[in-house]
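Following this line, the structures themselves.
Here subunit A shows up in two complexes: once beside subunit B, once beside subunit C.
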Partner chain A sequence: MTGLENGKPPLLDVRDLSVTFGAFAAVKNVSFTLQPGEILGIVGESGSGKSVTCRAVMRLLAAGASAQGSVALDGRDLLALGEDELCAIRGRDIGMIFQNPASHLDPLRRIGQQVAAPMIRHLGISKREGWQRAVRLLDDVGIREPEKRARSYPHEFSGGMKQRAMIAYAIGCQPKLLIADEPTTALDVTVQARILQLLKELNRKTGLAMILISHDLGVVADICSRVVVMRGGEVVEQGPIDEVINRPSHPYTKLLIDSQPGRRTYGTTATAGGSAPLLDIARLSVTFGAGRSLLGGIGGDHSFRALDGIDLTINAGETVGIVGESGSGKSTLARSIVRLNTPSGGTIRVDGQDVGTLAGDALTAFRRRVQMVFQNPYDSLNPRLTIAEAVAEPIWRHGLADRQTARKQADALLETVELPRSLRDRKPRQLSGGQCQRVGLARALALKPQLLIADEITSALDVTTQAQILELLVRLQRERALTLLYISHDLSVVSSLCQRVYVFKAGRIVEQGVASEVLTTPQNPYTQALVASLARLPTERTAPHSQSVSHHAT
Partner chain B sequence: MPLLQLISRRLLQLIGVLAGISLVTFLLVHMAPGDPARLLAGERASAESIAAIRAQYGLDLPLWRQFLTYIANLVSGDIGLSLRFQRPVIQLIEQFMWPTLFLTGYVLCLAVPPTVALAILGARRPGGIGDQIIRLVGIAGLTIPVFWLGIMMSRFFGVSLGWFPVSGYGTGFTGHLHHLFLPAVSTAIWLVPVLTQSLRAALIEKTTADFVTAARAQGATERQIFWQTMLPNAVLPTLNLLGVMVAFMIGGAVIVETVYAVPGLGTLMVNALLGRDYYVVQGLTLVFAVSTVLITLAVDLLTAFIDPRVRF
Partner chain C sequence: MIDTPVLAQAMPSFRKPMPTMLVALAILGGWLALALAAPVIAPYDPDAIDIMNMLSPPSALHWFGTDQVGRDVFSRVLFASRVDLLLCVAGVLPPLLIGTTIGLLSGYFGGVVDNVFMRIYDLTVAFPFFVLVLAIVGVLGPGLLNFILALTLVGWVSYARLVRAQVLTIRESEYIQAAKCLGYRPVAILGHHVLPNAIGPVIAYAVSDAVLVMLAGASFGFLGMGAQPPLAEWGVMIADGQAFVQQAWWICLFPGLAAISLGLGFALLGDGLGQIQRRGVTA
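Up next is the complex of A and B:
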């Protein structure tokens, strides 16, 4: 389309690509082009066919799939190539990086060997030469002490470092095209920002063309010049990024843009202030002991401090957010409040009662008052129960009603979370992630809690589903006068939903305050970095973002 | 170097395990019914001769002193005297050990290559015709009792056709190969299906592994992917199973050795048990336990060599 305008032949020309798994059409008549040196984004939710499209380009589809149409790289139709010719192109002309770098690296081989392997294979260089180039590549992608780290195994790398190694692995032979399939989804936001920066620099310095697949429109807007929006296996819209975002022509694109966290604020009801704090946490510490070896005890204290002197209060009716990256201790806090973790110091009080000393009936009563919703909607529901049974279970277990009445109440609760009646006899596996999370909410609400703890409840969901769940949460909060503790890694979600925010880092609170102020005028350097790494749509980019690649991965 | 650390740590642990083994084997004989002194002296011995034997063997000492003597003897390589052969047990074991070890090695050589081949064949198209046939034949091989198969094979190949000798160990390397062929085959026939199932399942699991997709995306050929990526990642569970099986074969070769009259440890064990040769039984128990421990150690070290994640 746009490719032919400037007269150059496109690097990649995908025409009428369809992929079917048996009778199911995963991709229907998809066409797009990619110019040399261009970064193209493909956006869509899970099941939209964006990953399948790119795997079809690489001919990496599972055995049961068949692809029709044409995929021309520099004029050669990839779909018509034999296995030998394909092997010569994969890794040589097209490199690919994946969503989960941890599972895509061979756990048994050294990083350096893995990075060197494609170069040895395609460029016919010696093993020693390959190793030296691998070390240089690792240096290029920002891995500190590359000579030493090349000798490491994948399990000795952090998530961000693994993705850098994957990038080195993919660009070693200087391919013409890099396909990045959700390259930052499994990473923390600050790490995500650095990886995106690295990809941008690669594009600028070497003219490497890229296809970036993402569910996150913010990420795509940050790095791509053109975007293809996919839904249900079809392309609904494509064009230059600014045009698509500022003047979306398809209703789905509009919905996608509107669902971006930070695009809207959910009018959470402000509290009648001055009331006594419902939850009061003082100097809370949680320590995890490291595993003891049989002969251990020599290496000194290996215990790990997950929370270190946390002070936090939540007033009745308030919505408070906790933000932090993985390992910052935010989930440990949630688990400590509901007594799944035992604090090593400090107190947690709910309505003045010390949670740690509760026992017997008082503990049961406390469990009714404080309920939690978990991150993974599938794992937190019993797979053998229908969803109506799952919601009814806490009601009769707490003796609030007999089983018959509990089932009726469960039906009402499912209605409250906007689940159709027809779904009530399904098992969790037969539901979508968003529907499952609604069940999780209904189950938590079954006991009419005062305090609801939501631990990353939308991070496994698509962005439009996330927006729906957040709206539901706000409605429930208003209707039921809930106090809400919302935990997330996503600062923009938290700040659009919550009145106050606590920012966690390495088990400590580094900043706290009114949500909008923390987002706009962060005081702590860490919060500033967090705000700067938010991948937001260009129209509302406020914070200056310039982080060079020399920020080494940790 | 984590690998060296692991080895030294495991060797340290080995000392504790060996101490435990020696205690158990010591107690085993002392907890066996009957008075060893009366056994030694015979049914009609007088009270004085029993007392004399008791004093001679140190059986009148307190248990802990007997144990210390036993340990001291163990350290110097003395694990007692066979009551029946009137020879040191260690000599007996040394004599009977080689046929068993040879047989075990022979079984391994016969079992491992077909295991790998059949597992690859089955995993290439799971549920396909080849896979089904391999599984059915495997189940048949597993369910046929070794003693029955042994007897049938020795009758057919040994007696009727006269291709292979039906008993003994033979002389020289080729003689051993010739004599032990039938015993080795009958053991391999149940070992191969067990190992094949394990390796096939692991291979199928790894065909869809993300790092295999990544290797494919880097242009590796299917051949390279299989030998360099899939097989090393899939082989570990089977390797551990194989270790257990080898230890089992050394200690459990009784049936095969009896059927084919191989003069190995299994035969020695049966004869010692029947003849109430307690010190030989004790010595064999010790040998079986120690060989199990050593094989487990070897497998663990091999695992650590292949998989860097277990090296600490």
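Up next is the complex of A and C:
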């Protein structure tokens, strides 16, 4: 390994760090070291204690928490420092960037002022000098027209630009260590790839040591040289990235690697000869908000075209995926199919029937044929109903059975989605996200639909949970001969699950075709960018990624 | 990502006893018991005039003394609690029911219905609450029934506004989208999915509204526009006794204390319900 071999003292040495919230131990005896110039990844699922560990290093823990052990930065124990000394270190020696850049930037101050603030505070430079350095930093992190942009407010920045500004903010004082807590999780994949590239460059050019916290093993493998795998507050495995990924020793690490989307294909097969299309969408357009201002029309046309001339067909028994980043219109399409919003043009036909004209009994019949599972596991279930009630409700409301029988059928459905019987009287709040998503699936299946639309159903879940849900979905698809429309921002998930893929961008289809072909030989430049930005696990690696640079570039 | 341990930690706090709630329930329960048992407990007929015992101070015979025509203040305070408790219920329930219904429809369906109701709301809140109620009672004529009618006419808007705001957020939630998608009828969605999730803050508000109604009832009784003498009502009793407050403080003091304690009970209950509501949100 690059950092370890030359026997330098580590930059950061965490020994037997434990953090407890009352009786709950969030982090148990965690030890790791970080060499100067190294990028260390900490991987784990939600609740694994990875964020708490880094907050303990920064001494940013909530009031109720207590930390034991030792955290030495250049030989100084951070846990023993007083508040004054800490303030001199935070922002000066250690910079931090967070998951949601929007909530960590002050909406009322200009970006340039915010980037300059820590330098003025720690380096004692003038405001003018601070501003000039801020502009240079913004330039360094790849923001175009930095002089003009420094005068902007955070709301004028996109998510990716805000994260760049946060990075500029964090590296202004040339810290020795940058802690990045899920820095790309809230961003689209193509933006994520560019931010990771930026972090890599910073490391290479200035020798900045980094700790990258992520739930995404792919992201960590992309830029880190060493990785620490955490689970339930403990370190289960650590080592050089190639070794951990190619020869994982702990079963959990193996599970984590196997759960990575794109590591496997689920082998959904198109049942029945795809002759007549089940779903046929022609020239569909959806327009939002025709800007009803008080003065009427003076402000001009503010309407926003969410979908613009979409043509799409799905044959019975097919599994079709839709991929796109946020704002590409993929959810709008799903909502239009189930009539949660009204198209402004075009037609949606299910088995030749125009969905838009359905009413009364025909609409009820349509509801039984087409069902949808939603994105947010908790929000998609009424918090006041038990899960058995939630699953039984569609059955008796549609008069398919009386309430008693419906409850029995609901039990059977919960079994189908592999939920233990003991959970049936729980409320959604008492379940995990993955369990809630299973309930959502069971509820959608209660009406025995032909077409099931799954809108980002795994995007709020951990990777191992995601893998389980996908497996369940595939089994259900096979057993019930479902036609599946799977919507996701994650190209690797979609391509491992679906036979055909549509790629959406800004309300239009930019590419369509057989999943494996789109993934391997993308035609459209946007799809190519999307494929290139997939942070996939390497199979074998030769060159080390981050290098030790012995001095701070100034 | 969703952190389950945090949720699990928050759950036990649900079972912690809440002192405010206990005190509130004790006060309200006490008054309810006294009101129900008034005929049994009261030592005298509340309306019986006793010329021989006018303005006698508190004693073993008359615990709270007697008023200017010799009626027993203790008995009158007890009987008045029936009127005032009833007034709270009658003054809160009609605006609650009407306001909640309108708020549900207006928030869920939006459009023209919503616009019309919101303009009526704007008109109503343009006037101070008491002034508007006074004006309506002035037109309809004094009396308890007209007072309650006036309260309903003015009071529903607060409930409608509160419910509407709740519904606006709830109707965007995915479980409502899912319910629409599953083909449930609007009535079923409103009654089974929207209302139960919107009603919490409404109940908490209704309880604090009861304080306002009770004070309004007493004030209007005092002004001679609510309950009419000789009916025993705390506000009326205070109004009656104010001419004698120099010689006989007890005529005003005891009904006043009664009104304050009941008001406090409702206020604490509202506070407690609000706390439970907030815990429910964070848990």
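Please note the rule applied: the second predicted complex is superposed on the first by the 528 of 554 C-alpha atoms of A that agree within 3 Å, B and C clash if a C-alpha of one lies under 4 Å from a C-alpha of the other, contacts with A are read in each partner's own complex, and residues count from 1 in each chain.
To be clear about the criterion, a contact is a pair of C-beta atoms (placed from the backbone, for glycine too) under 8 Å apart; a residue touches a chain by one contact, two chains touch by 3 or more.
What you see is a predicted model; the values in this text were computed from it and never measured.
Colleague: With both structures lined up on subunit A, is it a clash or a fit for subunit B and subunit C?
Modeller: These partners fit in the superposed model.
Colleague: Classify the contacts of A:Ala117 with the two partner chains as first (subunit B alone), second (subunit C alone), both, or neither.
Modeller: first
Colleague: Given the touch rule stated above, what does A:Tyr153 touch, subunit B (first), subunit C (second), both, or neither?
Modeller: A:Tyr153 contacts subunit B only, not subunit C.
Colleague: With both complexes overlaid on chain A, does A:Met96 touch subunit B (first), subunit C (second), both or neither?
Modeller: first
Colleague: One more residue to check, A:Gly37. First (subunit B), second (subunit C), both or neither?
Modeller: Neither partner.
Colleague: Just checking: does A:Arg429 make contact with subunit B only, subunit C only, both, or neither of them? Give me first, second, both or neither.
Modeller: In the superposed model, A:Arg429 contacts subunit C only, not subunit B.
Colleague: Of the partners subunit B and subunit C, which touch A:His398 in the superposed model: first, second, both, neither?
Modeller: A:His398 sits against subunit C, while subunit B stays out of touch.
Colleague: Applying the touch criterion given at the start, work out whether A:Gly69 contacts subunit B, subunit C, both or neither, answering first, second, both or neither.
Modeller: neither
Colleague: On subunit A, which partner touches more residues: subunit B or subunit C?
Modeller: After superposing on chain A, more of subunit A is contacted by C.
Colleague: Taking the superposition on A as described, I'd like to know which of subunit B and subunit C A:Ala460 touches: first, second, both or neither.
Modeller: second
Colleague: Taking CA centres, what is the subunit B/subunit A/subunit C angle in steps of 10 degrees?
Modeller: 30
Colleague: Once the two complexes are aligned on their shared chain, state how close subunit B comes to subunit C by Cα atoms, in whole Å.
Modeller: So the smallest C-alpha to C-alpha spacing between these two chains is 10 Å.
Colleague: Report the residues of subunit A in contact with subunit B in the complex, numbered from low to high.
Modeller: Per the stated touch rule, the residues are 58, 60, 62, 83-84, 86-92, 95-96, 98, 100, 103-108, 117-118, 121-122, 153, 155, 166, 169-170, 294-295.
Colleague: Touching subunit C in the complex: which residues of subunit A?
Modeller: Per the touch definition, subunit A meets subunit C at residues 21-22, 24, 26, 45-47, 215, 335, 338, 340, 363-364, 367-368, 371-372, 374-384, 393-394, 397-398, 429-430, 432-433, 440, 443-444, 447, 460, 462.
Colleague: Mind listing the subunit B positions that touch subunit A in their complex?
Modeller: 9, 12-13, 208-211, 213-222, 224, 229, 232-233, 306-309
Colleague: Report the residues of subunit C in contact with subunit A in the complex, numbered from low to high.
Modeller: 1-5, 7, 9, 11, 173-175, 177-185, 188, 192-193, 196-197, 283
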